[in-house]
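Each of the next two complexes has chain A plus one other chain: chain B in the first, chain C in the second.
Right after this comes the complex of A and B.
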């Protein structure tokens, strides 16, 4: 039997699994007083920030996208930064396969390239098809949050389902970005393809 | 180990030895196999479980990292196929239980509340393992599994069952095989035992055991046969020697009897023929005294009297010798003899001597009847009474008691006197012929009387003897078988 953990994944664990289940069910998002003071969006984006970092763990970029063997993986945020300091905190001091991770912020997506992973704010995401037409290879792995993000050419889209942050992957878009996404990651994602929507 | 019973058969002893040794060897082998199999299977199981743990840990890393409990559950639920798995769990990096899997029959208490250091091992019959979940060589969680090695135990029980079956089967086969094979070994020994018994009981040394093999038992049979052959040889020699000895004794006896008969015949003839010149000497010396007594001076008459006396003495000697000889030669027919009339006749015949010596003779009646020969018995009794009258100290009147007492199937006739007695060392000598203890001058006689008594008793199948001490009188006795009571041919008066 597997323990039902509804909602507890989005909650910072502060006690036993059973207690956190209870707290989640009651809608008390945390029992830790310091965190409980933060706005309700904060945990969601903290999780999303962690997810962005995790994506780098299960994604392999082509070798020619790096200048050197120890060149960093560049995460770029285009438009408004919804993470606050969370993304910097998530990647601070961490390496992936020997590479450090850098976070860059740009107002427009077109300024962000070349980079390895590009997060588009909802406002930037509206210009995604246009951006894709203009951009030259190599494409970054593009992540966004808008409803039709993967249908218009984005590779990964966050969405919230039953109080849990989940993501879907357009594997055709990922292929166009010449990245290899681990099956382990894909097994957690909702998979979409270009063909479904055309 | 208990000592074997002494009465157990040879076969059962060997069977026991075979069973014990082979059983022990088999048991050891089976135990070794079982232990080896158990250990190797345990290692196999552990190896397989480690592989499973590594696969699950690798597979679940993304789910842990993305805190995707559903995906993690899915991975864990695939462990259902592994029936030995009691429980499994994934702990997140901060040590919290993330997801878990419990076999339907397993309890919640089996799950450790927090992950332990990576490692694996057997704990209380179970295999437990903590495997780190790594992403890019960094620990993101811990996978835990616990197996009860159910199959291993079932396999062990199954193997034990098979081992028991094998042991039982092997024991049965060994017993039947040993019993069949041992028959070959023990049969010759049993045959030998029977043969030895036959030899002991029937004293038949001609039998031989059949040698069926050339092993120790065969050699034993051979040695036994050799021994029998030697015994047979000696037995034959002994029997032959015995036969020869008997023949020789027989021949000697016949020769002796012939010589004795010749001697007796010679004695009789001599005695008989000797009497003729004696009669002449006696007759003519008496005639000389009667017819020419007046012509002889007293010296001449004295000589003539001496010749006559000597002749008479010699005649009585010859008569006694003839009696003795006749007793030896004549046929003695055993029949019923009434002692009372016989004793009366004897006393009447001795009447002159009794009166002359003023003897007192008491006959203790009644006297029983005996089996004997009347004439011979009366001769023997006459001699005993005559001796009793004769051998008394000078100036003493003989007092004689005659009685007969029955002892079992014998009758002992006793003649008791108040005579001079006989020293014990002479008690046997006096029964021999011509043995005299006293000079003829004191107690005249021929020295044949007691020899006749002994001979007479021997001829009638009886015995004779004396009880006496010097100067205390004598008690001579004769023993004869008692006659059957009241025979119809001779009713009592």
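Right after this comes the complex of A and C.
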């Protein structure tokens, strides 16, 4: 058992000794090669939200889809929102070609148009063929995740491969939405076209 | 100062080459948030992997229990330098500082230095000591910036987590190594936290293995310059390997070494019948954990985990050496649509070696060395009754513990939970459950001398093998609502019925000659002669009225009513009614200011502790952070700014003296690259 005064003296001495050791250790760390900090793992919908943001960067919508030169790009989510707050966080404060990005939510896809990019929940995607028959042009760029999404008229579909998020683009559906998708985006996508029998 | 200069030099050195994207967009003015992916190029975004959770992650709003989650940003902006300090923000918890290095932390009452109705896990490793079933908070620490979240679950969690999860579970979870790549370092100087420094390096071997290692050091002068100083140093690592898409192997380990200053007051058989002295207790320990998670193609998941912990505390009134090894397996499976079953088992072996640390033998264990085991099995089925709307979870845990009474060695802890989510913005949940607090090694085997009087006469608390588990039946009801994207309310209410609570009953006095002088012992033997009920509610509000202004409010209301049996003669049985505050308020206002400044103002109110003569108090922490570069932050934190000194608690039964918590502050620099 250590009594008060000598005990605390010991602690103080220990303390300063260790401090200089640690400072030296920090110095050593400084010569380690610095790595660019990039998260290599993230929640699924944070990744998908970042992709949606990138889609707005690499897609050009027709000028007549905007009321004014600085009208925002409108992203609509139809049905249950799987993103939580991730999509709002991804686009907050960002501008694309001078346009802000807004996120709107609707319970049904039919309420969401006009918009620029329409994300359909899986439940909503089941009614995609009917929806496409009902709405009038101009079509938004329609994004979804169901297995047959791009075969029944959707433009972009997310899928997961090897625990990473991938996407495919139906270039015929994109053409119907009158958008120009940059070759950079297309080079990273799996490209599909409308089936012959459709 | 040298330290700060080093950190500054580190921060100002040019960052390594990083790939820049050139999108046709103007970047945001805000510094990038941690985990922000929108700055990544498309190519890099394609490489990001989806995180997979070990236990099923639920959206907070859907969870059918009273949960509060502390995030890294909350820890950083609150200025917390330790896990106990960070826990002050959680509703429903009682957090009080005893001296510079000791805390009393509990959930929904029964607080104390060895509060025994709370289960605390660090990365899946249980950290309570079987001696008193309490937590040595002063040795639970890690590189603070690597904490991913602290889940604070109030109410019984016994079905999933096991005995001692009576009034709550605190789950401290660190980030996967892949999320902590590169160098991070922080250090500072202050009044109580005189100097501290920590650093971490994270790297990778190919795509499949990520690792990190950290070292941390702190030297606290304490609130009383003579005795409650505190010195700790620790180092640790974590490695995550992915041998395939469907499996993950994780290994985590820590080593620590420190000295805790304290003032001890113990009974003495000669006048003045109390002996008071200061001492430093060396504490040393380490742990190593390995976890394997295997996911089958059918979405079922098997987790096998094992850990070892060894520690020693030599030089207090009790010398303790302990080694514990634990193995657990759990299996999650969805045999049918809408059925989510988790079942598993755990086995723990612990061996201790104890001796009285002082000549007066204030604490005596018999036997001095003992092995104990805990074995348990649990099953929970979560059934979706209405898709996305109504779920019910039924579960039960069976647990054997060496210290449970022999006539019923297996504890049964069932629960039922119901979650109703009428729409994504509202959730109502309810639960009923039973939990037990099993006897500790101390309650089974120890004698504790607590007071001495002229005569000489000594008062001693005696163990008993007839002492049985304390039992709780808990009813809970909660409501969460998010009326706006920027505003959420969470209200949890509870009604707890306790039975077989611990009392100390007067027994037949006897004469004792050793240690001398000869004296009369007035024994009080441990028993279970008390029932009790508690009720209360906790409110948590998170709001963001403006993009640059966030607020957090936590309010805790607690009432405890203890009812000793008519046959009980314990004079102090009902003390616990007044050992936890009836009202507590925590408020944090966080502003993002121009020039990359962040300001947090954090007042808190803690109600009176009638049992200790600790008056109600209001205290205030404040922190100003400045980010001159995206990878560097300089912050100034003030703690307990209102009073020069205030008491927060008093130790009951254990003999260290409380010190007044003092106004203080520190300057800190953090960098990462």
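By definition in this document, the second predicted complex is superposed on the first by the 152 of 198 C-alpha atoms of A that agree within 3 Å, B and C clash if a C-alpha of one lies under 4 Å from a C-alpha of the other, contacts with A are read in each partner's own complex, and residues count from 1 in each chain.
Just so it is clear, contacts are C-beta pairs under 8 Å (C-beta built on N, C-alpha and C of every residue); 3 or more make two chains touch, one makes a residue touch a chain.
Just so it is clear, the model here is predicted, and its values are computed rather than measured.
**Q** Between chain B (first) and chain C (second), which, if any, makes contact with A:88: first, second, both or neither?
**A** second
**Q** Determine, under the contact definition given at the top, whether A:57 touches first (chain B), second (chain C), both, or neither.
**A** In the superposition, A:57 contacts both chain B and chain C.
**Q** By the touch definition at the top of the document, which applies to A:160: first (chain B), second (chain C), both, or neither?
**A** A:160 sits against chain C, while chain B stays out of touch.
**Q** If we overlay the two complexes on their shared chain A, which of chain B and chain C does A:97 touch? Say first, second, both or neither.
**A** Both partners, chain B and chain C.
**Q** In the superposed model, which partner reaches more residues of chain A, chain B or chain C?
**A** Answer, by number of touched residues of chain A: C.
**Q** Examine A:188 and indicate which partner it touches, taking first as chain B and second as chain C; both and neither are also allowed.
**A** Both partners.
**Q** Same chain A residues contacting chain B and chain C, which ones?
**A** 1-3, 5, 8, 16, 47, 51, 54, 57-58, 95-97, 184-185, 188
**Q** With touch defined as at the start, can you tell me which chain C residues reach chain A in the complex?
**A** Against chain A, chain C makes touches at 2-3, 6-7, 9-10, 13, 15-19, 23-30, 33, 35-38, 40, 42-52, 59, 176, 178-179, 181-183, 185, 187, 194-195, 197, 199, 201, 203-204, 210, 215, 217, 219, 225-227, 229, 231, 233, 245, 259, 261, 277-280, 315, 357-358, 388, 424, 485, 547, 631, 672-673.
**Q** Using the touch rule from the top, collect the residues of chain A that touch chain B in their complex.
**A** Touching chain B: residues 1-3, 5, 8-9, 13, 16-17, 47, 51, 54, 57-58, 95-97, 182, 184-185, 187-188 of chain A.
**Q** Mind listing the chain A positions that touch chain C in their complex?
**A** Counting only chain A, the residues touching chain C are 1-5, 7-8, 10-12, 14-16, 18-20, 22-23, 25-27, 29-30, 32-44, 46-47, 49-51, 53-54, 57-58, 80-81, 84-85, 88-97, 160, 162-166, 184-185, 188.
**Q** Under the stated contact criterion, what part of chain B meets chain A in this complex?
**A** 59, 61-63, 65-69, 71, 73, 76-77, 92, 94, 96-102, 104, 135-136
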